[in-house]
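Same chain, two partners: chain A is paired with chain B first, then with chain C.
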Partner chain A sequence: MSSSLSPQTIELDILGQVCPACLLVVLKEINQRRREINSGQTRLLIRTDHRNATVTVPESVRKMGYRVDVAKVKTYYQIVVDRQL
Partner chain B sequence: MITLHYVAQPRGVRDCFITGWTWLSLQPLPTLEAIFYMLLANPNLLFPAFLLAGLLMGWLLHRSDFCISGILRDVFMFRDYTQLPPLLLVVAAGMLLFQLARMAGILPFDPPPTYGSEVSLLALGGGLLFGIGMVLAGGCVVGTLYKLGSGNLTSLLAFLGMLVGSMIYAEIYPAVAELRQATVLTDRPTLVQAWPEGGLLAGWGLVALAAIPLVLWWRQGRITINSPAAGFIQPWRVALILVALNLLIYLLAGWPFSISTAYTKIAAFLELLVAPGHVAQLAYFQQDSRVIETTGGRLTGGPGPRIDLIFISEIPLLLGIMLGALASALALKEFHLGPWPPRRQGMAAFAGGALVLLGARLAGGCNLKFILGGLPLLSFQAMLFAAGLVAGAWLGALLLPRIILR
Partner chain C sequence: MNKAATEYPKNSRDQERLAALEADNQRLIGYIRAKTNHLLQIMGTQPLQYDELDDKTLLDLDPIGIIADSFTQILDFLNQNVNELQRAKDELEAIFDATGVGISIIDRDFNVQRCNEKQRQLLVDPNRQEIIGHNCFEIYCARESPGLGCPAMETFATGRPALVRDVKKKNKYFNVITTPFAKNEDGTVSQVIEVALDITDKKQAEPAEEQQRQSYLQEKNKLATVIESLSEGLLVINPEGQVTTCNRAAVEITGCSEATIRQQPLARLFPGLAELLADGREPAGAEFPYHHPAGEERLFSADFNRMLSPDGDFVGRVITFRDITVEKKKSQLFFRAEKLAAIGQLSAGVAHELNTPLASILGFARLLLKDDNLTAAQQERLEIIAEQTQRSSTIIKALLSFARKSHHTGRTREACDLNVIIQRAIPLLTTDLEKRRIELVQDLQPLAPVIADPGELEQVIINLVINGMQAIGQDGRIRISTNAREQKVLLVVADNGPGIPTESRPRLFDPFYSTKPVGEGTGLGLSICAGIIGELGGTIEAADAREGGAALQVTLPAEPTEALQAEHAT
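== the complex of A and B ==
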């Protein structure tokens, strides 16, 4: 129960990387952690400074059935990938 | 008199604007002949004009992430067609405007002097290399500049790769020149010249054909892109502004945008610092790739390390795009230099950059020249380049995951 309330956050720093590498790296990470994210144990926090990744990553990840939140933090963007509530 | 007094003492931005407007309204209107090709009549204006155009482009491209290489790559790599509408729009709207301008008699039917008179099959091969390279580099000759302007170091590696690609091309140029001559397909560079009766009509047919999916996408709301990025500008708006800007530059300077020779020139200047004797021996750096006759005399420009027509047009465009993107990133408080990408990504960007410029030199231009200007002008060279570019983007999309995900 506690895992679903406060999932462990795995941080993925892709600052300095450009598309399509950003999306490829994120999709690889999600595929590797698919079970943990689906069970609610884990959520993925991505840091990117590539503006286009704030479009491509959420779009692809939503199609896979995950919940995505994007927020601007300092000079970069933070994308959180979580299982659907 | 009251107005003049007011003009003399502007206070604040609004007063300055009114002052400028009042001054402009007092000037006699220039004739159409004075406007067209005014930059060629006053070459001193070329540098500031191309710098301004570059600044605007850099700002808009950074805000919209309108990236031709990204659009084609995402189609093949992720089956993502989201950004395809603005790409089709940029070609279709360009074709519509150029056709109208030709019919109105303000643009010539002959292609601009930057397009040469012969069409070689090398444009296809060049497009192929360019396509593979732009996927590996994460951007084309323009995309790399606006990403670099916002502080991205992957794009710096791609930029350096482009300079090295230019240097390699200068070494192999004599062999390429022979190959180019051996693969000439026609000496009529555009459809309008090859088929005077039907070329223009075919252009209208293509505009109508492109309008069908565009209208459909518009009605389905698929022409707009949802982005949470700060200060985002819709790519379709930027596509239309780029088309208008390209026509304006064509009218004022006599040729539409091109930029890849700027990289070659920068590479030549750098090589000159290290090996001046070798640079003096390279045939490619001695030639003029652009010769324009004007009423004031002949203007020439080439890839070599000298101040010429390329130096005062393409170099300020290149600088302007970088600075415009830098200004946009600073205004959004998003400028951040670095960090370096992972090693494999960095190597792919560098090698991709070299392929991009090798491809551009083989084809005689880049995607800015051929997609924004060449396709709308119904240039055969642009059609060959575009076909190669699409095939190259497909190959690059197959190759890149194998390189960076190992």
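== the complex of A and C ==
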């Protein structure tokens, strides 16, 4: 599967949003793209400037079986959700 | 619901119904918000803010649906993990039960938490059903409390692994090891793993191994005794040529200490032998000279054997050796005696045959000399014939004398004082000594008697002095000395002549061997002496004289003085 080698990145911009909307928006997106992400075709890149989201999103998403990386980029945070290795 | 857009009913009944519906609606919305907040709390996030999310947006967003979907994923992931854990647990239990050692986990109250199948087979009464939760000391040791030497007790007390060897249970032997498994918050050990290793087979093999070891030691001692009791020297050499082992005889024969022998390579101990082995030859045996630390030159004989490993690799040599110096000398003497006897027999026949014609030649020559008509030249020639015939006759007599010695005839045996015999022989030599201007010096010490034929001894003395005179030629000195040494009598006749060349020494006592000019000596003098002395059980050897010439040294066995006195008394 070539898709597993270079997954397509779907970007989700939730700058300006705060909890719990942040979490609900992200969860909704992941629920809809569950198969794509689990098959390795897609990964989700979330941009948020709400600090709480860097805790709530990774906690929930990890429990769902995904790999999560959080990085600070300039003025916002970048959360990447990918399938488990 | 947007109140502004609501069209109010016209009658009061409808209004009441509407108000009731509105109230229901608010209650349901409130319920949804409460449940949504509950779920959001479970997800670890903030509750909903009303000003952010009005009722319509709330219903459109469907947070319960979102969270439900997420829960589905969480549950799927959990199920997957649970399945994997179960598989791992099953695998671990299979390994736990299949392992060849007994394993159990014991808590601080000495209750068995886990016990594998092997442990059950090894240590537990087969009629017992329940193990888990029961005290280990009761199940494994049939006791009422943990006893002395319990490794679990030691590990709980020290926090370190403990080992107890040779535990006997159910007719089997074990080594039992306990290691800390889990710890309390305060660091004390809360559980230990106990491992029981069945060492019964090893334990049962121990007596057989011990017996084998004893038998091996016995054989080793036997072999060591054999090696030590060998009269031959024995050396074991490694492939590098270093001596690794030597026996007592090797120490005695070489005159070196065991440490000295073992510290040096064979090439240094036996240079003559090492040369033989160095060029790749593999002789089975060899004779080689050895310089004894006492200063003597000895002759050794050695046998070699290659030592091979079971794979056929060369691992060294075994060398056995002995000192053959005396043996070799004896065999040389024996060989010479044999030769002399053969020559003696031959000479007797030839001499007898020649004597008769020589007597005729001499007789007729003398008869002719009486003729008065001879010219001076004829007379001179006849005198030469007579003289040479006379000389031939002398040689024949000497030969016959030699032959007679070899045939043991006409001989007496009596106790003789060698000094007296010397005194008797000297007058016979005086004329010749004076003619040659040779001084005869005597150094005669009191001697024990020797058992011999006095006539033969006299001949030996005369022959030895004549030999010295012929060696000197003119002007010189001959010294006759006698000496008593232990149970032997020593006679040395030394001259200050030119001495005996080394190459002549081995043949000095052979018949007809002479280094003197032709016409001087018969070549039989010394061989007659050697024959007589040999018969008497003595030896004759050539050596260098102090004055530079030759010294002939005769050793004869001395008769014990008491025997002589007894003889005189009778």
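Following the convention adopted for this analysis, the second predicted complex is superposed on the first by the 85 of 85 C-alpha atoms of A that agree within 3 Å, B and C clash if a C-alpha of one lies under 4 Å from a C-alpha of the other, contacts with A are read in each partner's own complex, and residues count from 1 in each chain.
We adopt the following convention: a contact is a pair of C-beta atoms (placed from the backbone, for glycine too) under 8 Å apart; a residue touches a chain by one contact, two chains touch by 3 or more.
All values reported here derive from a predicted model rather than from experimental measurement.
After superposition on chain A, the partners chain B and chain C collide with one another.
When the two structures are aligned on the shared chain, A:S39 is found in touch with neither chain B nor chain C.
Shared-chain residue A:A21: touches chain B and chain C both.
In the superposed model, A:T56 makes contact with both chain B and chain C. Of the two partner chains placed by the overlay, neither chain B nor chain C lies in contact with A:T9. More residues of chain A are in touch with B than with the other of chain B and chain C.
Looking at the shared chain after the overlay, A:K72 reaches chain B, while chain C stays out of its contact range.
Once both structures are placed on chain A, chain A residues 18-21, 23-24, 28, 52, 55-56, 59-60 are touched by chain B and, in the other complex, by chain C.
If you check the complex, the residues on chain A that touch chain B are 15-21, 23-25, 28, 49-52, 54-56, 58-60, 70, 72, 74-77. Considering their complex, residues 40, 43-48, 52-53, 61, 63, 66-67, 69-70, 73-74, 76-77, 80 of chain C touch chain A. Chain B meets chain A in the complex at residues 62, 65, 67, 70, 73-74, 77-78, 80, 82, 135, 138-139, 147, 150-155, 225-230, 232, 333-336, 338-342, 345, 349, 397, 400-401, 404-405. Within the complex formed with chain C, the residues of chain A that make contact are 18-21, 23-24, 27-28, 30-31, 34, 52, 55-56, 59-60, 63-65.
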